[in-house]
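First the structure, then my questions, so here it is.
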């Protein structure tokens, strides 16, 4: 148990990597399995973070109930977004979903009554009430636990649950039809299945995972603001799933660790460029952009995927 | 004997690596000849024309234009060297005016554009009337005229026509064949024609080839092929 | 009444800026069927070229109106050779192209931030200067650089319209938008036309960058923040159509300026643009002037 007494900076990095693993898993369901090129996944991340926080902190809902409510609201929002946009051609879908994310971020900035605007909002119940209590009772038994450790453990338990549930769902008849929908709409329609409904369901499932990730993000940040929900969050998710390979589940988890963890969050601990912090941050994202370009150009199937996946994504 | 305007030697190729639609074709078009390729669906007629024009892959064999090897040249290079090509469908730029369609046709010989445009309007007076109209709003027959005129703009020595009568009303089909003859006579161009409408095509042709399963099955003058009972039975749908 | 008249002036300025950026975006889409998410960051690059000239090297901003289009056009042409042409030759699909554009956008934006830092900067110009006679005669505010935006945009876009309508190059571009394969088969050097399209697109958005830098200010997400609005202009007018982009730009600008009076909250301007775009996509995806062909 000494491991958890002081988890250090890499523990914090691992928490963020886990949050992104869940977030990217949602995108994987939508893009990799549903064939929906959703460029506004950050919108559901935002919904999860804000809905659960507002319900828990301002309306006294329990943490679990608040989290589930956030996921439910995100799923409803996903279906509402899906209704008009899923009929659009690929690049219009991308632009529209991207715009949806930006609209929500604008609303979060502007509707101060609800979100406190750019000043940001607090989600301290988990860190204060739960973690403090937990550490106190453990300390009584002479077990010392870092204050960041509970969320780290919770996050990674949830990563495993989400990955497993996704993996299992995709092996049910529902998952098989979803896969067929992505490969050939017409064939699925011929079987009497409503391809549109399957895509919308994939969108909703992916939104639920993004909302869960959003709630964990809120707990991890404690204080957060709309600036944490820029489109780059979605793009980081895309880098993860493309690097892993479209359709892969465990590859997505591994790539979340490598890209969001080791590269984006962790590079400040292992890479000393001698540059000022701000420039080093810019350099990190230049590398992310370049990596995305190189993968798309030279290995569109990702590290663990097959080339057919990328082709099927274009129908 | 002068070199053929276009000759195809031992051509093997197709669209996808490993699937050869053309399996060793020899063919020539002499200056100012109309040569028709007929054959059943899937025989490789259109593929042959596309391979000659750099739109399908040539695996082995050669395409010679006036004796020069042009195998594997890009289409725009072939236009520059004197081949005109009229694809089967979607062969006009729909939002461009008739005049602009012709202008694009002349892009490899810009010095000729003004003169040739006027000449095309003489050959196709109906296009002159519609000069400023978007080509997409024209009738099927008029569009075919635009397509021919566009291909003729840079004074090609060879014209490749891929099923010019496909999808046209029967009334207009005859008109199209007349135009082909007229174009040959007035522009001194050799024509290689692929047609489903085999009888009518052969009737205006100097010579013809019958393609079957990617190979040349018969060859002869237009009248010979029309008279050949075997060709008639197998490829012209009976007598 | 004054409020409405002022809104008209503001719409003209905003629409002129949008149009400069939107025409290049729509030309590239028309010719290549490519949704260039890096277009906004190319605008930012133009704005920073202006910053380098005007602030870092202390030269007149006028120079930037030439230099920024040249630099951004060169960058755009460079992306054609390094990124887009190889990707097309590899037979890339839609998702690959979209993600490549996103990757390029991220790379460019953070490269700009790496070089110039993340702060907001201003050109060393008096951008509070207003046109006196407009103020005296109508009691309205029209900034000097607003007027410059309107005039430059008008002159340049008339030039672009003439290029498209009258020249061989412009006609080739329209031919490629209609049918790339047919253009190639008709003898058009399609590679060359594509390169010129990138150059034109880059030059226009580079110019828009300097004007945005002068009328707004300069920061690394300047172009990205405008990008969705520019998409809205392009889509509302009809994607692939240059005249559509022009029309769409003023439709979006006027809607933003007037509806914002209704909503009574300036911060929702961008959102209004998105909402109109989404509505147009649902009702008429080919936009006001676009052809069905361009969206299929």
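Should a chain be cited, it is by its letter among A, B and C, assigned in written order, with residues numbered from 1 in that chain.
Going forward, contacts are C-beta pairs under 8 Å (C-beta built on N, C-alpha and C of every residue); 3 or more make two chains touch, one makes a residue touch a chain.
Nothing here was measured: the structure is a model prediction, and the numbers come from that model.
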Among line, ring, star, complete and other, the chain touch graph is line
Argmin over chains of |mean CA - global mean CA| returns C
Subunit A-subunit C separation of Cα centroids, rounded to whole Å:
32
Approximate Å spacing (C-alpha centroids) for the pair subunit B, subunit C:
43
Centre distance in Å when subunit A and subunit B are each reduced to the mean of their C-alpha atoms
56
Listed in rising order, the residues of subunit C that touch subunit A in the complex are 35, 83, 86-87, 90, 92-96, 98-100, 102-111, 113-114, 117-118, 228, 231-232, 235, 265, 267-268, 270-271, 274-275, 277-278, 281-282, 285, 295-296
Partner subunit C, residues of subunit B touching it in the complex:
53, 55, 74-76, 79-80, 85, 87, 90-96, 100, 103-105, 107-108, 110, 150-151, 154
If you look only at subunit C, which of its residues touch subunit B in the complex?
168, 171-172, 174-175, 177-179, 181-190, 291, 293
Mind pulling up the subunit A residues that touch subunit C in the complex?
31, 37, 39, 84-85, 88-92, 94-96, 98-100, 102-103, 106-107, 109-110, 232, 235, 238, 242, 278-279, 282-286, 288-293, 296-297, 300, 310-311, 313-314
